[in-house]
Amino acid sequence: MSATLTAPALDGAQVKRASRLPRLLSLTSVAVAVGLAVSMLVESNTVMSLLTQAVIYAVFALGLGFLLKQNGMVSFGHALFFGLSGYLVGVGASLTGSVGTVVVLTIAGIGFFAFALALVIVRVPGIAFGMLTLAIGQSFYVLVSKSRGVTGGADGMSIEFPPRVFGLEIGAFQDPASMFLISWLALVALVLALSLLLGTRFGPLTEAIRENEERVRFIGFRTLLPRAVVFAISAMVTAVGGALSALYTGFVSPESLHWSVSGTVLIMVVLGGSRTLWGPAVGAVVYYLFRDYVGEHTTHWMGIFGVSLIAVIVLWPAGIAGGVMHAVERIKRGSGRHA
Amino acid sequence: MTMTYALEAKGLSVRYGGVTANDGVSMRIAPGEIRGLIGPNGAGKSTFIDALSGRRATAAGSVHLAGRDITALGVVERRLLGLSRSFQRTSIFPGMRIGAQMELAASKIPDADADEVMRELGLDRFADRHANEIGYGDQRRLDIALALVGRPSVLLLDEPMAGLSIEESMKLARHLRELARHWGVSVLLVEHDMEVVFGISDSITVLETGKLLAEGAPAEIRAHPKVREAYLGSAA
Amino acid sequence: MIGLQILNGLVYGSLLMIVASGLVLIYGLRRVVNFAHGSLFMLGAYIAYAAAQQFGFWVGLVAAVSVLAAVGFCLDRFGFRLLQDRDPLTVMLVTFGLLLVFEDVVQSVWGKQSYSLAAPESLAGTVELFGSPFPVYRLVIVAAGLAVAAALVGWLRHSRVGLFIRGASTDPVTTAMQGVNTDRLSGGVVAVGAALAGLAGVVSGPFLSLSPTMGSDILIDSFVVVVIGGLGSFAGAFVAAMILGQVQALGAVYLPDLAALLPFALMTAVLVWRPSGLSGSRT
């Protein structure tokens, strides 16, 4: 009896799910095309290297934003995963020639490490969680700066890469034009993968946990594991950024683990807007372009940035992505009813 | 031949620090029964619901669901075994679409039907709205709907009528009756609206300062001298 | 030797306590984790330095404390009050933006080099302690810490305002329901909090050196103190400041390689053990 009644609703859900995939795939191909176009049209090497750096940090911001979006938690220690990934890739490359394997193992290892860490720390509420991640991140910063033997201490570590990595010449990773494209494709692939993941039950479940964790338990779900998984995924995405950065520059320094890096990337996340997956990535690109532009005209970059940050946060709480989504919604409503 | 109760509490005690909020409270609820739980403010009604649902640790006593001892189980297990609750302070997922949160609540329980529960509680027309966009009364019903998905065997309701209009309360009361009758859901109802409690309960338990004061059919409770003195006063 | 180290720990602990109590005041009333607090500390030190060049240490002290109190008042009136309905992360990032602005101001006025602020002559000497000379000024820092602690305890225990602050920091909802007007109080309270940061900055001048990074160094340490103590708890922060002072001072001598790590290790251990800090319950 009830089966016939619910049939239309089920169909509706299936239609929604079915229409998601082609839309995602077409958006993905547009994004890939944009990347190709940029890499072909931009001639200036300076602009290209700026964009490359921006896209690498966009990957970092994607990871940090994912944590905020699906878990509501703010980490001030994510630079740990970014920097640590660089160091692991560096140390790995000094031990073996197959850097591809090293990168994959590094990202997986950081995933496990972050998962185990999260099982302990996600119980800490709200702001204290932010401070705890800050403390853990700073501990590693101090450790890495002090341990001269392996990491080169405060001077950082130069990485000797073999001539070929992932079947490409190492030059491809260290030339801004080609590295831009590699990083861009990595970013697009990660956004796609995370969107697909959020299309499963994992999406609404983690969203519900962010909204009201206690109630989630009262509708019959354990919450610790999903929260730890979100944290681990977020750390892994960040680690991809760290690995890209190490490949690009051939250098890692303890500064990449410092809490101010986490703070800066958090700003990118909020600037871009954490309610969508792609918002933080946009925030990272805007941040770099803005810094470059202002930096050229004045030495007061930091102060101007501070003021703009405050203005954006106060006037535009949902960030750039929030503004765009709002505009899109209005256009959709205005142009009639397909839905 | 012993009867298997839907829910049974034996000598349940809850303490916070030095305060004893529930002191050896026992209660038996039959399948399909609506039990009213009343008492003055601070009598320990919400604490009792918290203890039954596993939200608060008990210092002594035990809880049994359909004869099974669930005292050692956590919130999640109790819910999956069919002991569900709503909250005095509306507890929903404000930023999520109502259809999505109901579907999530249904997804862990076999044969649970989110759409049917939404229709019963008049929430189906809001399925695509976010929970923070609907009225307060609708949010209160959403809280109950989240508890009702999957037809729990026991439903603990902590002041479900608070903040509802008279009409809305009456509608909800009728709905609770229906639930108990058709689905055999046992309901433990904490409620300040005496008219509602006496109107729909099969029996009523009275708590005072954490202890059981009286228990019986609505008419007995209404006539009970100690209850009149302690609580009902002129309202009776 | 160890006696002197414990004494040095006491000195740094007192300084941290002054800074952290300002953070706790602001957090208690406004639920804001003030990232700009370290830069207020720095601003205090630099203002005192500038004024002291002309008029001596004491004028510098008064100038810095008054300017910072005014800054704190404006911060609340034109910042926190307007943002009180916003999500805590937003407000936290606004204070992060302020940190950048203040650091930029300090760097453009005073440059990147470090300065030192001379202690007033009357406090410049040394005394013989544990068989070696110890600067009198450091004992003054401890005294200042004690004075601030005593004043705060007196204020919080015995005034109406104090009652409200304690109420608001343990249970803002109930306090608000009792009709306490947070807005009217908080201008003054945040002013006191900022003034304490400034005071600590001035007092630290002759002990640490003035540099554009002094703000973030002390910020991190005072975060550690506030979080270990339990956010919003004065007693917790006092105890945690003293512990951290000792850990820093003794660590520097006995575990020089790991000294910088100890505060973070301590904080991680405390939070894993008690997620709400020393003063918090275990829930």
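Per-chain residue numbering starts at 1, and chain names A, B and C are given in the order in which the chains are listed.
Assume contacts are C-beta pairs under 8 Å (C-beta built on N, C-alpha and C of every residue); 3 or more make two chains touch, one makes a residue touch a chain.
Small disclaimer: the values here were computed from a predicted structure and weren't measured.
S.K.: From the centre of chain C, which chain's CA centre is farthest?
M.R.: B
S.K.: Taking every chain's C-alpha mean, which one sits closest to the mean of all protein C-alpha atoms?
M.R.: A
S.K.: Distance from the CA centroid of chain A to that of chain C, rounded to the nearest Å?
M.R.: Inter-chain centre distance comes to 34 Å.
S.K.: Rounded to the nearest whole Å, what is the centre-to-centre distance of chain B and chain C, using the mean of the C-alpha atoms as each centre?
M.R.: For chain B versus chain C, the centre distance works out to 48 Å.
S.K.: Could you please state the distance in Å, as a whole number, between where the Cα atoms of chain A are centred and where those of chain B are centred?
M.R.: The mean C-alpha positions of chain A and chain B differ by 43 Å.
S.K.: Note which residues of chain B are touching chain A in the complex, please.
M.R.: 53, 55, 74-76, 79-80, 84-85, 87, 91-96, 100-101, 103-105, 107-109, 113, 115-116, 146-147, 149-150
S.K.: What residues on chain C touch chain A, complex-wise?
M.R.: 33, 82-83, 86-90, 92-94, 96-101, 103-105, 107-108, 216, 220, 223-224, 227, 231, 257-258, 260-261, 263-265, 267-268, 271-272, 275-277
S.K.: Please output the residues of chain A touching chain C within their complex, sorted ascending.
M.R.: Touch residues, chain A against chain C: 68, 74, 120-121, 123-128, 130-132, 134-136, 138-139, 142-143, 146, 259-260, 263, 266-267, 270, 299-307, 309-310, 313-314, 317.
S.K.: Name, in rising order, each residue of chain A that touches chain B in their complex.
M.R.: Interface residues on chain A, with respect to chain B: 2, 5-6, 9, 13, 201, 204-205, 207-208, 211-212, 214-215, 217-222.
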